[in-house]
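In order of appearance the chains are A, B, C and D, and numbering begins at 1 in each one.
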């Protein structure tokens, strides 16, 4: 993240890592206050880490320092917290239930019709990504004409794309990752208010270090160079 | 200057939280030699009952201070009747049975309430200390823990019920010979331990993520605190919580959270190696 | 008479292993083979605890620590060495030495049983916490990044000894896993029939009497604990070859489950925990498919009932039932 | 001739309480010695110092002149000392023959150990119980199995802590005869306070009182000594009165 702050002209005042079962964030909140940053970016994940957002709001810091997060919302945190604790946190995902396009509206209607009372809140990305993943596979099978493993893999490699609620999702042959639409939203009353839309965003960082078309059976673990 | 004061308060709230979540386990383990590995889930049940009470419209403070301990206390009686009563004296089997209970509770709560339940935010707003602002609820937590500790101490020390309970624990045979209904004392002691855990769960609910698996984050900490504390229940747990709580909080503040955690666990192992019977195995031996 | 019965059981085990290793790869497709290998690795982990707890009388809450160490030692060694066959001795040595070190601290530290449970639990927690926080770049050993929470997905599987090019196929790894399980079972039988094994069992029966007969109790306990560590490490290595190495190997879940398997299978027997491990894993997997029921609930209730109803576990109860019915 | 086992100024203190106070005694090869005294006289604590279960606070223990103070119980047993504790300590989960074989197995092969174990059981008249699970045996039988376990490896010295505890009159007499018979091949130290047993054994006796040695002499003199009577009846010992032989 520090690299992207630097690229964006900013800088990281301090970076801290938390074991997964830490629940007391008092000292961390105090360190943040001492550092007086312009904003806080959190990549916290898991049930115990929700305590950070709670203690952050309880210490009255929500009104003082704005917060963004790369992970908030993925684990339904927006449902866990009360509006006073969650509202205003900015996050970016490839889908929000509140995304405003025709495909999404049609999908949601059919979805509610099918599940009726216990229709779950889709929130951010996770559910939709699995749905889109299955459809990409289906597209590969259609093109390959068979469900045989190797043939489908070949078909997937020849550039497959699917249109759906999150917009257009294209399988990138160089990295086997996907190019898709990204939305920036802020938490609002346990839901999301979509602010910006970035269509067709490629997996730039992976593409910079990996090209499967040049070396098809590379099997080493590739590390994106984020050294500052 | 305000930095020192604010850090002091952080350390105090770290110690208070550790003491709060360990007290219920200390009562059950300290007095009854029963190792309750479902203690984390008792905390979780306390948090859930408080949240559900608030959702049902009951006042926040009543929900936390009355409803939660009551529900979890009653649940404690049921658990003691069905499971624990058959396993007295069999320490290992109690550990395994309560481990099973812990898994079952996580499963049951996940089935009934799903993975997320809407929590309520911490009351009492924020308080300004010099340049630092901290949560008013954090200060309340410290006070509540001190009051709870004093209350448990007073009950054990001054009331006849406390005396009977302590007597039964030290020598059930003799107590029975003196006409004490030991079965009922065991049930009530376990229920008291459960009630305190329920209260602790409810009190930490506004400051933590309430999910079915929240217990697993607390069980290790409270277990280590009680074991390092040693036999004497209140003195042991308080001294251990004081030591481990401050090491963890200050460690996290000075270095990184990871080192704060590792430091705490390292101190615990060191203590267990030097004082296998815990702090009160050697110091303040005769205290409660 | 007793000796013939143990030899018969050892031969039967090797036979059952042989049949499973030959027949199953033909029948099951890939996903089931990998799953079966996981079951076999877990059964081996249960066997290691059955030996240490059932016969050594040492209740180790942290058997998963050696399981994880075996897996990680294999992964790191395999990534750094040209031929993964050399990684095997490292994958077994590291957990064995760790078990010996932990054993020394516990047995020579005059620690009572309850605190032994606590210390083994705490050590596993520390390892879990530590491994979980090795995500950064600086946490790497040679060419192997420890990878923190994500584990080490790029662990190369075992390859034909001496021929690093051709990696073993999942079917071959399954055969090796079954061979390891059957081999370890037979080894346990032989160990327990040997003088050393009899002394270890005697120590479980009465530590003081064994000492007063001149046997160094602590050394024997340390040795059996280290052997248990080695077997758990072997299970970890097999696991690394069919799934991949991650901090969850050190988690309370694995430590707890392995105790449940041995408890339900039968403390004090070898075959019981192996059957228990396989059965309960199948039960957990089946419970996972049920829409409303949560597997934790079933597993938890099974343990509570097991502790209350059959303190000595499934297999001996069945054995006593059979013996009572036979004339 | 150096003593088989000797203690010099042996002292064992628990906080303020001095359980064994500066006790020096010596037992020679093949000797049969009784350590007697009322309950709480320090006999069992002295016994536990000898077996290494307690590490003495002061003083030395010598085995054939070599200082073995503070050795671990298993190291002491390896010197050739058979130990029977006050509370019967047996392998309940094993059969009688398995337990006794294990005792001998440390010095002999499997077959030889089994043969000697069987011989020891027969010598104590419980050959028939060899296949029985020790945990299911009656109290008297368990004591005999424990004696067999101690005798089987043929130690140079056997020390027994209250072997007749919980035994009937004729069982006590039987055990006394047994111990006399054992004494033919091994030195024996018996810690006892059962008067009937002591008269039957009639060996050298050391009387303990409040952690110290009160009297040490042959059975006849000790049993006639008024101070021993006083100590047993709880009266403070009358001052030293020399009774003409």
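Quick note on the criterion: a residue touches a chain if its C-beta (ideal position, glycine included) is under 8 Å from a C-beta of that chain, and two chains touch if they have at least 3 such contacts.
Note that the structure is predicted; figures quoted are calculated from it, not measured.
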**Message:** Give me the set of chains touching subunit C intersected with the set touching subunit D.
**Reply:** none
**Prompt:** Of the other chains, whose C-alpha centre is the longest way from the centre of subunit A?
**Reply:** D
**Message:** Of the chains shown, whose Cα centre falls closest to the middle of all protein Cα atoms?
**Reply:** C
**Prompt:** Given the two chain pairs B-C and A-C, which is bridged by the higher number of C-beta pairs in contact?
**Reply:** B-C
**Item:** Separation of subunit B from subunit C, taking each centre as the mean of its C-alpha atoms, in whole Å
**Value:** 33
**Message:** Suppose each chain is reduced to the average of its Cα coordinates; what separation in Å results between subunit A and subunit B?
**Reply:** 37
**Item:** Computed distance of Cα centres, subunit D from subunit B, in Å
**Value:** 50
**Asked** What residues in subunit C touch two or more of the other chains?
**Response** 129, 133
**subunit B, residues touching no fewer than two other chains** = 216, 220, 258, 261
**Asked** What positions in subunit D touch 2 or more of the other chains?
**Response** none
**Request:** Any two chains that touch count here, so list every such pair.
**Result:** A-B, A-C, B-C, C-D
**Message:** Which stretch or stretches of subunit A touch subunit C in the complex?
**Reply:** 17, 19-21, 219-221, 223, 227
**Complete:** Within their complex, subunit D touches subunit C through residues 51, 53, 72-74, 77-78, 83, 85, 89-94, 98-99, 102-103, 105-106, 110, 149, 153
**Request:** State the interface residues of subunit A toward subunit B in the complex, per the touch definition above.
**Result:** 16-19, 21-24, 26-31, 33-34, 46-51, 54-55, 57-61, 64, 76-77, 79-82, 84-85, 190
**Request:** Spell out the part of subunit B that touches subunit A in their complex, as residue ranges.
**Result:** 3, 6-7, 10, 13-14, 17, 115-122, 125-126, 131-138, 204, 206-211, 213-214, 216-218, 220, 248-250, 252-253, 256-258, 260-261
**Asked** Inside the complex, what are the residues of subunit B that reach subunit C?
**Response** 35, 83, 86-87, 90-93, 95-97, 99-108, 110-111, 216, 220, 223-224, 227, 258, 261-262, 265-266, 268-269, 272-273, 276
